[in-house]
Structure formats: C-alpha cells, structure tokens
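Shown below is the structure under consideration.
For clarity, chains are labelled A, B and C in written order, and residue numbers in each chain start from 1.
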C-alpha cells in the first residue's frame, strides 16, 4: 500500500517546527518515529497535506537530569529510553514498559513523545506516564506550557495538544526507593496489549507505603486505578493483600469490546494483572 | 521534490524523490535493490528490514527522504570482501529458511540483535526477532542459526583484536 | 572402489544425508527473483479497485476520471471485459448437480464479498496507479450479506447468487457400512453414542510473499509470458488457455522464486486473468502486486466448517461407527478446488482407526465472504481435528486413558496393508512404534502425575496433556482415483534427466517448488541414482518453456510422485548408458554392472567406464552401438498406484493459566513417520514449520467478519500470525516405515505437521480444564475463550 501525496518539511529546531506546523494549518501533521503514522498513511486512513518531520530536531532527543525529575526529549527513541542510565536509575518503570513496545526495529524509529502524542489507549506508555504523574511539555505558537499526564489524554487517539502545538518533552518525577513493574497481557508477542498494568510501589516496614497504578487499554484513555492505590496503601506487602486490593482495578473503567477482548473480560484481566503487577513491583 | 543522498551497500546515490516515496520502494524500484522484499502494510512482518546507520529498521515505514544522509545496508550488502556474513552462513547451515521471503529481514534483524547482545539465550533470540514473521520454519532453526552465528562471531572476535571484530 | 561397494549397487550416499540446501545461496544474499522484482521493458503497473461492501449491486461505474490522473494509461471496469473475461474455473464438480455460478474476474453487475475486484487502472508506476484508483466513481446498492453458514441454509435467507434460488452449493454423501446398525448395536449393548460439534474457523493462509503477476505480451504474435507467484505454472497455463482463449502454445508461464504458498497460490486468480487481458488490450507489459491487505481479502481462505460428529462405541471402547455431517463454507465463488476441499477430508475422518461403519456427508454453502480453497492440509487437518478431538472426548466419557483407547482401535502394524472403512488402502504404518517413542520422549506418566498434583492443590496454572495420532493421505495422485472423484485433472508427474557432455546433469521436473527444497532433495536422489556428485546436478522447474509439462506442487506430492518420476528417468539413462558402456568395453549388456557412477564388466573390474566417459561417448557419437541413438537423456512420468500415508504421534503439554485463560505450550513432542527420508534436515524443517501453522490455528488465527461482512482481520495487526516467542521448541523424532507403493519408499511430509498439531494443542487445553467441567473450547483458543469456558462451567456447576 502506498501513501497519498503530501508535502514534507524537516526542520532542525523546535521553533522552525512550530512555524512549519502553523503554516501547514489543519492539514499538517507531525511525523515523529512514524511507526504508527506510516501504516495509517499507507492504508490511506490519513491524508495529511504536510508532514513536519521532527527527526532532525536534535534538541528533542535525549534525557536530561533536572534535579527532582528527568526530562525525556520527545524524539528520544524507545531503543534509547530502554538503555538510558538516568531512566533506569530514576524511573525504571518507563524502561520496563518501553522494552515491551513493539519490536526492536520499531523501537529504533519509534519515539517516546510520538507514542504519547498518538494517544492510543492500547499503547503501553500513556498508562505509565499517568501512573507516574508525568508532565507533558508542549510548545506552540503561544510558547510553552505543561500539561499533567492525567489531563493530556482526551479520548481515543486524541490528546489535549492544541492545533499547532508540539510535544517536546516529558517531565517525570524521580522515584527513589520504589519498585516497578509493567504487566502486559497480549495474545502474541507482536500484538497490542489486551490490558496492561503499570505499577509503582514504595514499601516501608513490610507494608505498602504508597502505590501508583496505571491501566492500558481499559478505556478511551489510559486510566489511573485510584481505588486500588488507596486500598493498597498501608496494607501488608504480601500477595494475598495485594490481590485483594487489585480486585478494585476495574472500578470506574470503560474498557472497549473489540476483536481482542470483550469489556467484561478486560475488567477481569485488569484485576488479575493488577495483582500480579503490584506483587512484582513489591518484590513479593 | 526533495533531493536526497543515500549510501546504500557502499554506493552513494543522489536522487530527487517525492516525499511520500517509501524507503523500500526507493531501494527496490529506483536502485534495483530487489533483495529487500515487502510483506505487509503495517510494520508487522519485518520482511523489509534493513540496517540504517547500523540499526535495524523496517524500510516500509521510513520515507526515502528520511534516509537522506544515511547509510543503508541491505541483505545484498551484508557480505564483505566476497565473504558471506556468519549470519548468512549459519542460516544456510542450520536450514533456517524455506521459501526465503522473510530471510533478508530476518538475517538483518538477527545481526542487529547480536550487536546489542553478542551472546543471547534462546529466549532472548526469540524475543529479539519478534518483529519478523516467518511462515515456513516455525522459527526453531532460525534460533539455532542465530545461536551458531553468535558462537562463531564471539570466537572470531576473541581470535582477533576485539576492536576490529565485525558484529 | 572397494569390493563391498561393488556388491551393493545404488548404495545410498546422498539419500539420508543432512544436506544444507543448494537453493539457499541466492535467498540468503538477496539475489532473488520474486515476481514483483521482475522488470521488463515498457512495464506498466496495474492496480485493482475492490468492493468495500460484502454484497451489493453495482448501479453505476465510471472509470474515466481515473484517466485524467497523472501517469495513467488505461482504466477498465468489469463491463469493459464482460465479453472476454470468462469465468474463473472450478475443476472439481463434486456432485452432478453442484451449483457452479459464474466467477467473473472483474465483477460486472454485483459484488459478493468485500474485496471482490471491480475495476483496474494501469499507470506508469505503482504510486500513480494507487492514486488513480481513488478517482473511479462507483455507486453500490447494498444487498444483504450472507455470513452464517446455518442461517444461509434456512428458508428465506438472502441469496449470494440469486439465480441459484439457494445458497446451497452441493450435498455430498458417502456411506460405508451400515452406520445405523453400528449405532443400534452400541445402544443395545450398553455402549455409547457420543455427539459433538467442532468448529473449524476460517484461516488466512498468509504466505509471506503476497501474490504478484507480470504479463509480457508480444502482441503482434499473440504470445504471452506470464510470471506469477504461483505453485502451479503448468496448471495455470492450461487454465489461462481455457478461460482467455489464448492458445496454450502461445502462453508461457513462469513461477520464479515464490515466497511460500501453503495452497493459497494454487489457483487461477482474477488478477492473473485480468493482467493478461489488459496486456493483450494495451499491447504493453503489466505488473500487479498484491498488498497484504488485499491478500487477506482476495487470496483464498482456508477451513471454515461446522463439524457434527457422532461416534458409536462399545462400553469397552471399541469403535463401531462414525458419522460426520459437515457444513462447509465455500465463500462467494468456487475457485479451483473449493468444493472438493472437504472431500479430501472425507476419507480421513476414520483416521488410524478400525470401525464397522462410516457415514460422511457434507453440504457446501455460499456466503458473501472470500472464497475458500486449499490451505495446508486441505480437508485432512479438519478431519484429523474432529477424530482426534472425538477420541479424547470418548476416552473421557468411557473413563479410559486416551492413549489406551487409541491403541485399542488403531490398525496394528501387522495388519498393513489395511483397507479402511472409508475405502482407502493404507500401505504401511507403525503407530505403535511412533507412539511408544513419543511417550518415551514426552515423559507421559510423569506429566500425568504432575497434572494430578496441580489439580489436587487447585493450582491456578493447570497442566493438560494433548494427544494426536494422525495419518493422512498425500502425494496427491493417483490419476484414476482423482478421476473417480470427478476431479478435473490428473495426478501424475513428469521428469527429464539430461546428461551434458561434461557429465553434469540437468533434471527437469514438473514439480514447482516454493520453499520445499526440491533442488536439494532431488539432487540427492539423482546423485545416488547416477553415481554423480551432488553438486553436478542442476534442477530446472517452474517455467513451462523449459519444464514443459507437469502437475506442480501441492498435496505433499512432489517427492512421492515427482521424485519417483526422476528416479525412473535416471533408471532409463542408466539402461541406455549400459548399452553404450558394454559396446565400449566390448562386453555383453548383461555382463555390465553399474555402481557408484561406474560401469564394470562382471568379473573384470579393471575394465570400466565412468558414467562421465559414457556420456561424452554418446555426445561424440563416434562409436555408438548398433541401433542406439546419440546423446544421453531420458524422460519419465509417474502415476502412483496409491496415495502415501505418513503418520505421526504428537504429544503436547500445555499450561493453562485459569485466571487469565492464557495457554503456554510447555513441551511438544512429535514423532513422525514419512517412510524413507531423503534429507532429514528438510523433513524436520517441514515438520516444525507445519506444526507452527497448525498450532497457530489452535491458538491464534481466525478470519473474522463484522455484521456487515467486512473482514475485520484484514491486516497482520489483527490476524495474529505467531512470531518466534509464540512458538515453542519442538522435540522431534522419526520412525521409518517405508511406503510400499513407490520404489523409494517415501511418503509426503509437507502437510503432516499442520495436520497433527491442531488437535494435539486443543486436546491439551481441554484436558487441563476437564476437571473444571470444560469439555470444549472453540478455536482459536484465545485466552478470553478459555477464560469464558471456565466461567461458564463453574456457573453451570454452581
């Protein structure tokens, strides 16, 4: 299959990219890693008139230490994120989840910011950013702004980025002394998650002091399992207690029914997988 | 139309291309590099895998314009100095191919895997090749071939100056 | 040469050797010739517009706007070819009154599945062609889709082909013995009559190379060369001649490198036909290349059956009778052997078992879906699935170990040749040997113990053991049998062995490989037969100009039929060479021995000529014996007296996570018997690859349609072909029970793995869950289906 015609520009700075996008107007689209966009173009499910390719914007690549947090450049590839020492030291959940995204060749091209801006609730990274209370840094014609991850995902394949805005980076708080796990459930290795669970757990004195849980593919947007988080807080760091708390994982979710799973099955899976993710994150 | 300059299997090509031209079509239809086939529309099958600046990519999901200034290695350029790459040899010796359509992508993905992890376990090999589908072999002999190539490459790297070892 | 070697003429040096394949060199270096890679002067690109609707009337179609697009040379709708495009052929009228509606390459008035071709554009390049498709104007008046097999047969159902007045394609019935009596006996004697319904989902064959065709015309001469990603260049030429009106001798068909087929490239497809018609009309070469999305809509699907099974048995577990009632999905049209696929299974439902009566019936049904046709195993996987599932279910019903139940009923090795209830004669087999070896490698007793322990402790991960002991009929031939089944073709195969002056050998075969390794295995056969080095043999195939006749590759027939033709041709070469050698050595023909490539005078071993010397002598022809013509080559065709019947015993241990429904194959043991093995490396490759495909049917793959009849598994993102992490390591072993119906003792092995594996995997899953009340899970056994089966059983028992 072959994409329809489009214009193309490859700016080398964020400023250039923002103005190119502004000039392109509504029919312009940002091209990041392209691993989701290229299939859409080839299947002619998308007809942009202009692609603004961010691959040559060097300032968008790499991970920066900002003291209490890391900033991951939007165009940092999955391959780089998985191996990045700062990410592994301070936000290992991101490395764990990114390692499950697609396959090695796709991870060479696909980018952290691209996956988030695509806002696919079946993608693995949106739930992780939601669980970690990350902040999205967007730059547009009106300058830069920060959007909490919980407010970034508006709907299926829709973010709250304004027209003309580009996701330039993601600020992730450092979590010292936490345990992490990403539990991905898919039918074959290549498939999207039927359900995924991103869990971060801080233990103290044999109990769970604090936990964060994000759910993949349990609604039109990634979901924070708040009921589980409060239920698990202060409980014993033992499998039974964690699985008990996990039974609330599906609360308030509206999972889709599709080829890969009906909603009730997804609700059930969310509970089972959340228990497993918590146990793995708590190392019990 | 944008002008691009791409080095493919050691030869530099300069061309004016439509922005939408896929790298794989540039290789096949423009350069005659037909050793790289196409198997799907959705980045799933990996048949079109090539190395771009040393890293495996699916050339159906990269635009030719994006390859401007890059160095691309296809299956046709993997053999060096008339010597087949150890991965090519081990695919042959372990009967890791039948129809051969997935083979170029599979071999390139496997060389990339060993670059990252020179001594992978069987599970790591399987995981590392998850982006490349094969309908004929059931993968078993592919895993063996990668294991064998890894052993040979580690051996030959140990026998020569490690800095010069080809991976 | 030692005395011993002389004493054993034809000693196998190559046959049985683990030869790495000679065809690999080009495939691992990219020096390949896939059809899409072929360039010819003046080549144009064709693209096909397909119906987005499952069923609709075409009320208006206007291709002219496409002509205004840049680079476009022509655009045609079905109406432009209505008079010359004919109907794509079906070669298997399984009953006299089978409904055979027209199958126009381009739909003219009505589309009958989403993906039905409606128009083509021809442009300078593939990008322009793709763009121009969007300019074609077409109005559809929707008609109701026909999706469910049983609803399609109900009175008042919407019709796929309204002219037929029904969606039924045919009813086929094959009774053998008195099933009713067997059933009555089972009931009278306190035995069992067990009914089951098993479902065979539709599958998308997914050869890695999508189809492609290039037609190069010499318009002035009315000649055409057609390159196609096909398994059947010879059959294709014949079919093209019959449907396009181009005389057969004016068509050359070439199958270049072909990237897998699995039955899906065993057809005359619309695009092959249309490309030829377009090339004829334009007088220009035309290429068409399928995308994967098109492949999933427009290349045949496999399976698609409802199987109602009834087994009558004594209380002790002796099989008395088997009744099989199928409803088989034809799809929208009949392709080459669409209606016959279930019949290839009809003979195999009794499997390896003895019984008194068998009753088979099948109803073919039209639906508004992609046509079905042969997919790896074609009918036999379905049959094996049903009987092997039923044997496990019966064992459960009777409280007998499933291995023991099979032992009790299978044909014992001393009973071969055995005439089965279905009317076949199995020439040879040894189910005991293969099964005993499989049980040993598997550790059956130990796994049963672990299974019991897990059940006792209520482990969330339960262990199941799946068994499948299959045989299958392959080596598709003999011509007279195919004729008796109303199949419109023969089943013989052709070979020619040509000795070149330097002693090298060219072997022409009518088989047409697409991954099987014919060049290697056939070279091994020839090397042993002629006593020449393996590397001195070159295979020629896949081109009707150089390999002028043959019946191509499908049904695991290339070795068991084509390999024998080669053996016979080699024998004829030797016989002629023996006369020449006798003449040169001044001895009588009858005194000449041939061994290891050398002719010797009996009792005077120093008096010898190598086959290379003899060849050169026949080429120079300076001194030929009286009445012997110069040069040395020979042809042969072989038509076997019977099918070949490989068999195997597959054992699977599956861990089923009862909380998520996820199945992990923990171990898989396959002991297969394909008679004498030419190349173990190639056989093992076929077995493990076949197992992966059968396992994929059990666990992952399904063609799905929405309520409007749209294919929802239309890309590789939704049709789950397993990757390396999804397929387990297979432990393989072999027993060798030679076929008695061909001189090499070989049996086919191309489909066996696929046939054996599917029931083994599903049986393992069901076995893991039986104690929870689960007795069936539909394929593919997705985690969700497994989980639901557990939920429903626990709800039912609560």
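Methods note: a contact is a pair of C-beta atoms (placed from the backbone, for glycine too) under 8 Å apart; a residue touches a chain by one contact, two chains touch by 3 or more.
The model shown is predicted, which means the values in this text are computed figures rather than measured ones.
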{"item": "Reference chain C; chain at largest CA-centroid distance", "value": "A"}
{"item": "Result of counting contacting C-beta pairs for A-C and A-B, higher pair", "value": "A-B"}
{"item": "CA centroid of chain B to CA centroid of chain C, Å", "value": "30"}
{"item": "Cα-centroid distance, chain A relative to chain B, in whole angstrom", "value": "29"}
{"item": "Length of the line joining the C-alpha centres of chain A and chain C, rounded to whole Å", "value": "44"}
{"item": "Residues of chain A whose C-beta touches two or more other chains", "value": "1-2, 4-5, 39, 43, 189-190"}
{"item": "Numbers and ranges of chain B residues touching at least 2 other chains", "value": "18, 20, 25, 41-42, 44, 127, 130-133"}
{"item": "Per-residue overlap in chain C, given as positions that touch at least 2 other chains", "value": "126-127, 291-293, 715-717, 721, 723-725"}
{"item": "Partner chain C, residues of chain A touching it in the complex", "value": "1-2, 4-5, 39, 43-44, 185, 187-192, 194, 259, 261-262, 265, 268-269, 272-273"}
{"item": "Touch list for chain C against partner chain B, complex", "value": "20-21, 23-32, 34, 36-37, 39, 125-127, 206-210, 257-260, 262, 291-293, 514-517, 681-682, 684-685, 688-693, 715-717, 721, 723-725, 727, 729-730, 753"}
{"item": "Chain B residues touching chain C - in the complex, by the definition given at the top", "value": "18, 20-21, 25, 28-29, 32-42, 44-45, 47, 74-76, 78-79, 84, 88, 91-93, 95, 97-104, 107, 122-123, 125-127, 129-143"}
{"item": "Chain C - residues contacting chain A, complex", "value": "126-127, 130-131, 134, 291-293, 659-660, 662, 700, 704, 712-713, 715-718, 720-726, 782-784, 787-788"}
{"item": "Footprint of chain A on chain B - complex, ascending", "value": "2, 18-20, 22, 25, 41-44, 46, 49, 52, 55-58, 60-63, 65-66, 109, 112-113, 116, 127-128, 130-133"}
